[in-house]
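Structures given as structure tokens follow.
Same chain, two partners: chain A is paired with chain B first, then with chain C.
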Partner chain A sequence: MNVLEIKNLKILFRVGDDFVRAVEGVDIHVGEGERVAIVGESGCGKSVTGLACMKLHTTPPAYITADKFEFVSHDGTPHDILAKTENEMLALRAEEMAMIFQDPSTFLNPVMTIGEQLDEVFIYHMHMKPKEARRHSIEMMKKVGIPDPEMRAGQYPHELSGGLKQRILIAMATSLSPRLLIADEPTTALDVTIQAQILQLITERCEKEKMSLLMITHDLGVVREMADRVYVMYCGKIVEEGTVDEILTSPRHPYTKALIDTIPGMEEKVDRFVQIPHNVPHPMNKPAGCYFSNRCAYCTDLCRAKQPPLFDRGNGRKIRCYYEVEELWEK
Partner chain B sequence: MKGYYLKKVLSSLFVLFIIITLNFFLPRMIFSDPAQPYYAGVPEDALALREQIREANGFNDPLIVQYLKYLGRVFTLDFGESHYYKDSVWKVMFSRIPWSMVLTVSSMLISITFGILYGAVAGKRREHAADKVLLWLSGVTTAIPSFWLALVSVMLFAFTYKIFPYRGAMTAGYTLSMNGSLFLIVLAVGVVLSVVLKLLSKKNLCIFIGVPVSLTAALFASVPLADIVDVAYHAALPVMISVFSGIISYALLVRNSMIAVTGEDYILTARAKGLPAQVVLYKHTFRNALLPLITNVGMSMAGLMGGSVLMEKIFSWPGMGQLLLDACNNGDYLLSQAILLLFAVITVVCNFITDLVYHKFDPRVKEV
Partner chain C sequence: MGEVILKTNDLTVDFKIKKNVFGKPDRLSAVQNVNIEIRRGEIYGLVGESGCGKSTLANAILGFVPITSGSFECFGHTMTAASKASEWKEVRRHMQTVFQDPYSSLNTRFTVWQIISEPLYIAGERDERVLRERAAALVEKVGLSLRDLDRYVFEFSGGQRQRIAIARALIANAELIICDEPTSALDVSVHSQICNLLLDLREEFGLTYLFISHNLSLIKHITEHMAVMYLGEVMESGATDAIFADPRTPYTEALMSAILEVNPQKDRERIILSGEARSPINPPDICRFANRCPRVCEACRTMPLPPAVSVGEDHVARCHLIGKEA
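Presenting the complex of A and B:
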């Protein structure tokens, strides 16, 4: 059963008199207990998609449409997220779906203590008294491995390290054991040494609370660790979809292949890092045909002329490219 | 932490020392002879008599001795006697301070209250009518100096339409028949009551509401109602004029910081937690947006007892600003020295208090 099912999601942002098409018709589904990753470069629309799941965009400037945007809560009732009012969303947030953000140092309120910020979840969702809420907060802080939680609860965010702050955000997001956890690049702002611990913690929390995970990242290493299934996004469209092993070992879209090629290997010695030529096109100025055509090594006239649809290649594998992998790699 | 406050106190004392020194040299720079105000009534050719006065008041001592003597007098809070008012400087000043405070405290309280409310509305509904009007008004108040506005409104409301009086603080004179001891008793009882309430209920709100309420109660208990109404009637026009620009400037400040804070990441976290919009606004946005206001209020606190020289002059309000101006015009420099020193002390103390308060509200500011 799917916890989250989105069909043909489109997100537009109003900029002056113009619209930026941040997301152009994306299909995503997350199964129960499944760990799904969305991978892509900055500006490809992956974070925007994550925020849309929680309905955290404000309209204007954001305009969201979808053929289907269904979230199934713990009790099995399906919710049409787009039809929900802001007040109806309040009950879903934190209780049914929660989010961990990128930079723990800016996502915590600097003038409130850690304890106060954790308490709020219990006070406003479980209607607890402050003392009782604090007891639960301390309990949560223990669960995410924060040493001396009583002391930390009285401290302010600036007194904690980045890793601890991210643990606090994870505690905050998972304290009501939501059905779906959305993690928006949770390790990007952290030290490499802390990253593995935080990923480990997220996996642990997901398994213990039986949460589904939607991981948004640009780091293929994180994808290998954290995901069962992967969506590769480029310029607001999904270009490849498949299981993590398939995508990482036999990429079939030129963009995915290029991404994987950029990872420096341990064995061979290289003078220069491999990079994908040119930049991501400006969102107001995307190429006419395939969005990757101006950077693709295998680009043909057909690619430049017409946007390829997402071809279903069986076994849940979908690729937005006209060519089969064998023809491509031969060229 | 202690080291920080010690440093603050020391630097404040240094500022005061500089002010005192400047105060000492000012009359010696203004007049060719600093003893000039002492010669009142003495003809210019009575040189012997003049010399006598100089000698008697210590103007013939070496400068350094005079300076040290002045420092000693300041240290013992002895500011001497005003020549013009023929009374102790302390007495003259303290007869005026309450009058300044009538204007400044009331206009500041009104400006802050309505400024915050207006700013919050404008910041929350950006680009809507209230916000556009605020931006337009801030242009207007910047372009029109308040003394001009004051002059025009005196002309319009006091002379042409005779709605408000054009000068003074009361219909006759400026001495309130105030029952001083009753005032102090009521104030003390009120303050003690609010402190007890605070200790019982552990809510700081008791102090914030209790103290102003007991102050008002004390005022109404000790001053005849007719006098209060009379003063309020006289104060209405000057207060309205300073409130006009005050509200706009506070509102603009709050509006801008509201908009800045609304875009902060932690507001997104608060929303993602599923907090109701009102809670996000008051507990998260507002608390952060009001931080710049603390600095601003602290700075204008310094003007509370000083009053506004321009406003008091235009409305002939018997306050400190007017007193300073008169003292300068009359060459009454013992008085002006004391007033300047008082202003400096108030400014320094207010800055110090602002520092302490800011630290309470923003835990990030610890040691600079």
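Presenting the complex of A and C:
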């Protein structure tokens, strides 16, 4: 059963008299207890998609349409996210779906103590008395591995390191065991040794609370570590979809293949790095045909003229490319 | 391998932090007794987590922050805390730097040729025609076109801006280029473009790089020598291949195991460190990694970090455990 199902999601942003098409017809579904990743470079629309799931965009400037945007809560009722009012969303957020962000310091209130911010979740959603809420907060802080939680509860965000702040956000997001956790680049701002800790914590929390995970990242290493299934996005479209093992071992879209090739393996030393030529196109100025055509090593006239659809290659594998890739790689 | 062009001798940088007007200021130890050697023509990697002092070390070598004690030898000069401004100016002629964030390191009110030729202007060249010609000679080498000379930086993407920054570092014929995380602000698909460019330029101009990065896999592939820093101290240094083949300090091991592998068929054992780095303010004189070390022993908590000992050809490490395991 799907916890989240999105069909043909389009997100436009108004810029002056023009529109930027940030997301152009994306289909995403997240099954119960499944760990799904969206991977792509900056500007590909992955974060915008994540924010749309929580309905955190304001209209204007954002205009969101979808054929289907359904989230199924714990009790099995389907919710149409696009039709929800802000008040209805308040009830869903934290209890049913929660999100953690890249830069934890931006999402903590600098003039409230850590304890007060954690208490809020319990006070607003569970209608607890402050004292009881604090007891639960301390309990949560222990669960996410914060040493000396009583002391930390009385501190302000600036007194905590980045890793600890991210732990606090994870505590907030998972304290009511939501059904879906959306993690938007949760470790990009952290050091590698802290990244290892945080990824382990997220996995642990998801397993314990039986949460589904939607992981948004640019790092294929994180995808491999955290997800079962992955969507590769480029310029607002999904270019490849499949299980993590399949995509990382036998990528079929030239973009996915190029992304993986740019990461040199740890075994043998290389003298030069494989590079993708040119830059990601500007969102107002995407190529006419396939969006990757100007950077693709296998581009043909057909690619330049007409945008390829997302071909279904069976077993949940989908590829936005005219060519079967094995024949391409051999060229 | 060429001669040593930069050698630090117990280089130390402290910052004084005043809590209030009265009382003794606290000592923030950013770089502590660092000894590294960079040879002509090589790429020397400096790796560590944020706050470990790798950028401060680079800034001290460039003279951006004052040295507290120790010295370094560079291009025939010995620079200490007492060196004069004129001497710094002389040494800095040989060095240039490429910063991490090309969105803040380039002047938005200058055109590209003005940015690129600024080091020459500072060196005393005032003839605009000459400045422009020198800039024009370089732009194509870094992968930009002559038409870009009169444009402003806001018209360029991150990768292109970094190319401008690299051209600026090259124009005054510097021999040592200090690259402070030159790719970490860029998109993944542009990383390799910039790395390849740096490698090509090294061939062409015979450059030496001090390459600062937290990305170990990058360091592995492009550097000949490297140093691993933790909270201001170099834990391990030497030939990159030797360190990767046989890391001898627990911190280096943990750092290497934290590299995320992309290939699902390969599985490595992960060491997940507990806790976080201690505060660099008034650190006790013991091993700074002791509070997180998975193999901590009594000596680590009570005695100062031992001096570097050789653990193989071109490979030194500092750890109480060395020699005890066998």
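Following the convention adopted for this analysis, the second predicted complex is superposed on the first by the 330 of 331 C-alpha atoms of A that agree within 3 Å, B and C clash if a C-alpha of one lies under 4 Å from a C-alpha of the other, contacts with A are read in each partner's own complex, and residues count from 1 in each chain.
The rule is simple: a residue touches a chain if its C-beta (ideal position, glycine included) is under 8 Å from a C-beta of that chain, and two chains touch if they have at least 3 such contacts.
Just so it is clear, the structure is predicted and the values come from calculations on it, not from any experiment.
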So, A:56: does it touch chain B (first), chain C (second), both, or neither? first
Tell me which of chain B and chain C touches more residues of chain A. C
Which partner does A:240 contact after superposing on A: first (chain B), second (chain C), both, neither? neither
Using the superposition on chain A described above, determine whether A:94 touches chain B (first), chain C (second), both, or neither. first
Under the stated touch criterion, which partner chain does A:274 make contact with: chain B (first), chain C (second), both, or neither? second
Of the two partner chains, chain B (first) and chain C (second), which one does A:248 touch, if any: first, second, both, or neither? second
Which superposed partner A:172 touches (first chain B, second chain C, both, neither): first
Set of chain A residues, in rising order, touched by both chain B and chain C: none
Any idea which chain A residues touch chain B in the complex? 54, 56, 86-87, 89-95, 98-99, 101, 103, 106-112, 120-121, 124-125, 156, 158, 169, 172-173
Please output the residues of chain C touching chain A within their complex, sorted ascending. 49-50, 157, 159-160, 187-193, 195-196, 199, 214, 216-217, 220-221, 241, 254-255, 257-265, 270, 272-276
Considering the complex alone, what residue numbers of chain A touch chain C? 41-42, 147, 161, 163-164, 191-197, 200, 218-222, 224-225, 244-245, 248-249, 258-260, 262-266, 269-277, 279-280, 295
With touch defined as at the start, can you tell me which chain B residues reach chain A in the complex? 264-266, 268-277, 279, 283-284, 287-288, 291, 361-364
